[in-house]
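Input: a single structure, listed below in structure tokens.
In order of appearance the chains are A, B, C, D, E and F, and numbering begins at 1 in each one.
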Amino acid sequence: MRPSKRAADELRPVTLERRVSKHAEGSCLVKFGDTHVLCTASLEERVPPWLRGQARGWVTAEYGMLPRATGERMRREASAGKQSGRTQEIQRLIGRSLRAVVDLEALGERQISVDCDVLQADGGTRTASITGAWVALNDCIEWMRARDMVTKPVLKDHVAAISCGIYGGTPVLDLDYLEDSDADTDANFVMTGAGGLVEIQGTAEGAPFSVAEFNQLLELAQGGISRLVDLQKMAIL
Amino acid sequence: MRPSKRAADELRPVTLERRVSKHAEGSCLVKFGDTHVLCTASLEERVPPWLRGQARGWVTAEYGMLPRATGERMRREASAGKQSGRTQEIQRLIGRSLRAVVDLEALGERQISVDCDVLQADGGTRTASITGAWVALNDCIEWMRARDMVTKPVLKDHVAAISCGIYGGTPVLDLDYLEDSDADTDANFVMTGAGGLVEIQGTAEGAPFSVAEFNQLLELAQGGISRLVDLQKMAIL
Amino acid sequence: MRPSKRAADELRPVTLERRVSKHAEGSCLVKFGDTHVLCTASLEERVPPWLRGQARGWVTAEYGMLPRATGERMRREASAGKQSGRTQEIQRLIGRSLRAVVDLEALGERQISVDCDVLQADGGTRTASITGAWVALNDCIEWMRARDMVTKPVLKDHVAAISCGIYGGTPVLDLDYLEDSDADTDANFVMTGAGGLVEIQGTAEGAPFSVAEFNQLLELAQGGISRLVDLQKMAIL
Amino acid sequence: MRPSKRAADELRPVTLERRVSKHAEGSCLVKFGDTHVLCTASLEERVPPWLRGQARGWVTAEYGMLPRATGERMRREASAGKQSGRTQEIQRLIGRSLRAVVDLEALGERQISVDCDVLQADGGTRTASITGAWVALNDCIEWMRARDMVTKPVLKDHVAAISCGIYGGTPVLDLDYLEDSDADTDANFVMTGAGGLVEIQGTAEGAPFSVAEFNQLLELAQGGISRLVDLQKMAIL
Amino acid sequence: MRPSKRAADELRPVTLERRVSKHAEGSCLVKFGDTHVLCTASLEERVPPWLRGQARGWVTAEYGMLPRATGERMRREASAGKQSGRTQEIQRLIGRSLRAVVDLEALGERQISVDCDVLQADGGTRTASITGAWVALNDCIEWMRARDMVTKPVLKDHVAAISCGIYGGTPVLDLDYLEDSDADTDANFVMTGAGGLVEIQGTAEGAPFSVAEFNQLLELAQGGISRLVDLQKMAIL
Amino acid sequence: MRPSKRAADELRPVTLERRVSKHAEGSCLVKFGDTHVLCTASLEERVPPWLRGQARGWVTAEYGMLPRATGERMRREASAGKQSGRTQEIQRLIGRSLRAVVDLEALGERQISVDCDVLQADGGTRTASITGAWVALNDCIEWMRARDMVTKPVLKDHVAAISCGIYGGTPVLDLDYLEDSDADTDANFVMTGAGGLVEIQGTAEGAPFSVAEFNQLLELAQGGISRLVDLQKMAIL
């Protein structure tokens, strides 16, 4: 039995609330249970220096946590003067995941910066971030389309993400913080609406895991992401 | 006529929503119109090194803005590697303002860190921060009192803050971003529930201002802060 | 009775020594008693990026303290790798104060950087800095005028600054370090030669202060700044 | 056909040269073809602060690249003043991988720091690092055993790593730089001598990949790591 | 003929003004012509961590330049966020030079920090710094002696420094900025009162120099330092 | 008797191995006994900003040490976030030494960056770096000549470096770490093939040294550098 009393393949309650920012071209407050992430997509009429003059755009992501998003207050990264390795790893993952479904040429020579700021953390902040970031990104692109800034489709598909783990010997979906702390294996999956794999990250927290176990996690993830994509579709109706 | 169509002495709609954080000992989401600040108060069983062994506590504050809290996306301070002068100036102001109403000996040898993170900015982020921070701080101290960690009163009074300015020749209360950009003089006032002055900051944006003008701003601020203190009282009922 | 035995409205001995730097276009060694600040004004034929091509100039200021300007040696900021919040707050104040009396269009597309370096500190370093910086700035502009680089008046007025505080219940002018450490309220005023207010900063160090008390401080400041402006006028004869 | 003319399941020539450092307790120069990494294991009689007094040790890793290890010279991270996100991601991976096979209690309250410095890069630097780091770590522990500093087994198993990818539609093992630049999918696998999975990281570089494709990569990795473990066994004879 | 019209072996006018700081235990404003350096010696009742408990003290030095000490304003190092290589090289040299004449055991477990801040630069700032720093250090130690903090002699000898160079083919002493910019070889010598060599640094700016030329520079330096030591002796009478 | 049992004027075994890097235009692995430094020379088609448009090139150097190059592991500078004063001092010395024999106009508007990374340290890392860097630089220039990028001679002469010191009262050549730790005086000499002096650095570690002692060190250095230049000549045959 999971501490959260959820079934092994049960997501936490997920909500995707759009248009939560007065300023951003696209925005989404995503909640995976008690994990709350504010995602904004900001359009900028410039690209990184190494991409100039190539008639292609760029999508990048930054990730942050409010100092008391967590059970114990953590030092503010702006005050520490640098981003932790974990922060950089997560924001690189979000950026790669989003770019996997973006047609950068259709976007034109512009950059969209997606900021994922964790207001409250209870496990799964990176997967919630990716799932919510797609909604913010979609709204940003629709904002551009309404102004005739893009004509061809820019987003090729949905992208969403979920974590899985082996908790007390049982593969389970969408771990919260308590479950994650006790899990033997922790894996994150990023997949498209069509079911293609974009990112797989699996880590043995305790004992190594077997190929058979890994395949069970992958199967759980396929089910979970399919539901997340449905929720994205409903959100942008 | 102000762009916001408010009367010269009219506050924006103000809300103070408590208990918005699952983890923090005290928290408050404060809104001054479209300016939204998430304030959390975190209790830590340690004090800064220079205060150790003196049987007194400390209250400190940090301030941050999400990158797209503003009309144009700003660079994330954690990524830039340092906090701007403006950020440091504001967080020092918040800390001083709160400490003005705290009995640090009654608090005991502990630190309360108040984080004020601007989710959306439309002028007056520092005054909203101070006003909301007091509510989060009060809840943190009540959390301690419920656990018998403090016995004597720790908070000596309320503290709240408001901005004033001279817009189109007329002194007005609680400037939003549009008004602030056009104002000739910009002043921030921090006052206690008893009407004592804690901080005064007045700056000539264009032409210098006269003593008479400054006194008009001060009078407006007295009225506005009195209403903010009433709202704090209702919020903590 | 003040520790310095001065009357309540008495400035410390103030001197403004010009042309103390072989290299700078303008310079002034200002002394408010034992507070000594070396101010230099450096002309640079460039403006900050955000001001380019607008036919306007800029005046900026930097502030520093030698490590042993104070009673206890402080860590060198260059060695610590960053400027403290206090340093940034002060240099922003100096820059704003100077710009309040500069016609940036008459200056032309150039920048004047004013450096205020505290050689010895005994309270009031920011007010001495502003008062001396004006003299250095004036000399820099006269240096330009002698070379026909400016034709119209660039400085619209004098600007000077003084601190006030409530010491032992009595409002007093121009606090030295000893008085400042014991004062209940600390206020800094920046005013023009014409008596216009440029900056007001008042802080309750202990108990909050009343409007009546604040008005007494303001009145003291008006007298003190009037005398500082007279000293500036004599210095530049 | 791969540019390297290797069979799909063929490793590059791999060598593991021990005792290449006069100073380090354990060391290994690992070569995967033209990728050369110098791994040293340094014993330190202290643990990180959060682990003190728990009778357990720690194994950590740092990763670096000489500036001209690559085709184009890259900026030295020490000169840039910070480690890139990529560097931090890799050194966190190496550390986790090694700890997966270390009995931290048997190690005692000590830290072993493994440094992996890339002298020459041609793809697969992180997998070569992990594979060589295990050899350096093993020698460091044997150095301790010879001095009776450890008595029980500290290393529970081998650990090694390899990359796989889909190149021109075909799943291939151990990509060099040229192949990696053109591959559609890039995956890194870390496994133990017993065949347990420690880390899986798969990324779609172009189009998303299918579960079937991923399973082919996993199978290739199992073969490759099995051979790397054999090479480790021969190296430490 | 030198631009300064000085004879080849002629120092610039040198003055050593003591007790220029109200706060520092020892201080000296040293002038080598238009090069002005403020030296303060600060006593601290602590030593660096690696020296604790060894009944020995430490003398260290820091060096800085005011931004407009030079002909062109230079960026403030505190604002740049780091000290340049040149700054670090010079402050290491000053510290080594002073320690060469200090009996660290006689000093006791304390640190003296000597700060050398260049108020105005015209060549030879490092040699002026060392020469003035010795005077400040001597006064600091006498301050301690007057309080019975040291009993045995702490300073074993004088130490002073001078630059030499080959200007227009002629070896000359004590180069000012103009001469230094044109010199072919630049050398700095640090010597004790007894004529012992503490540091020699010679650099070919243009063509390499011969052993014969170097010996001529060394001879000039011996004469110059001998006069500087005489000036130190007169200064501390 | 030296710990190394070498004669007073005897170098350690020196080897200069070229073409050790697959990528760099020039490279050399230099060994002075157990001191091993990997030197690479990287051609870049750009010059520093202050040199643009002057039809001259630049040669610069960077220096680093692997964390466990030394007896005790040292903190990685990239992780510490800055280069130590020692590192900066050494890389400035290497750069100056190389430029002393380069015709920057013949190089054309390009930069060669020479990286000297110490794989293993046993004293004399800076002198080994300079000696090996010249070989890497020479190969880089020959690489350019083979591509008709330079036509005139770029290298005007050899440059090599050696340390000397007074060990147990006797002047000795090429100190290893053990000897260096015990030496009274430590001196580094950089000379050209023609015997011209490029850099002299002498430091009294204990008692000051006399002119006569210094001259003995200089004589030893002349002999040692002459042999190093011979080894360079043989290496590039």
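By our rule, contacts are C-beta pairs under 8 Å (C-beta built on N, C-alpha and C of every residue); 3 or more make two chains touch, one makes a residue touch a chain.
Just so we're on the same page, UniProt names per chain: A, B, C, D, E, F = Ribonuclease PH.
No experiment lies behind these values; they were computed from the predicted model shown.
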Original post:
Both chain A and chain D are touched by which chains?
Top reply: none
Subject >> Far-end chain from chain D, centres as C-alpha averages >> reply: C
**OP:** Express in whole angstrom the distance between the two chain centres, defined as the mean CA positions of chain D and chain E.
**Re:** 50
**OP:** Between chain C and chain D, tell me the centre distance in angstrom, where each centre is the average of that chain's C-alpha atoms.
**Re:** 59
Subject >> Residue list for chain C, restricted to those that touch at least two other chains >> reply: 81-82
Original post:
Circling the ring from chain A via chain B, which chains come up in turn?
Top reply: A, B, C, E, F, D
Subject >> chain C - residues contacting chain E, complex >> reply: 21-24, 27, 34, 38, 40, 42, 44, 62, 64, 66-71, 73, 76-83, 87, 113, 115, 117, 119-120, 122
Subject >> Interfacial residue positions of chain A with respect to chain D in the complex >> reply: 82-86, 88-89, 91-92, 96, 100, 187, 191-192, 194, 196-204, 207-211, 214, 218, 222
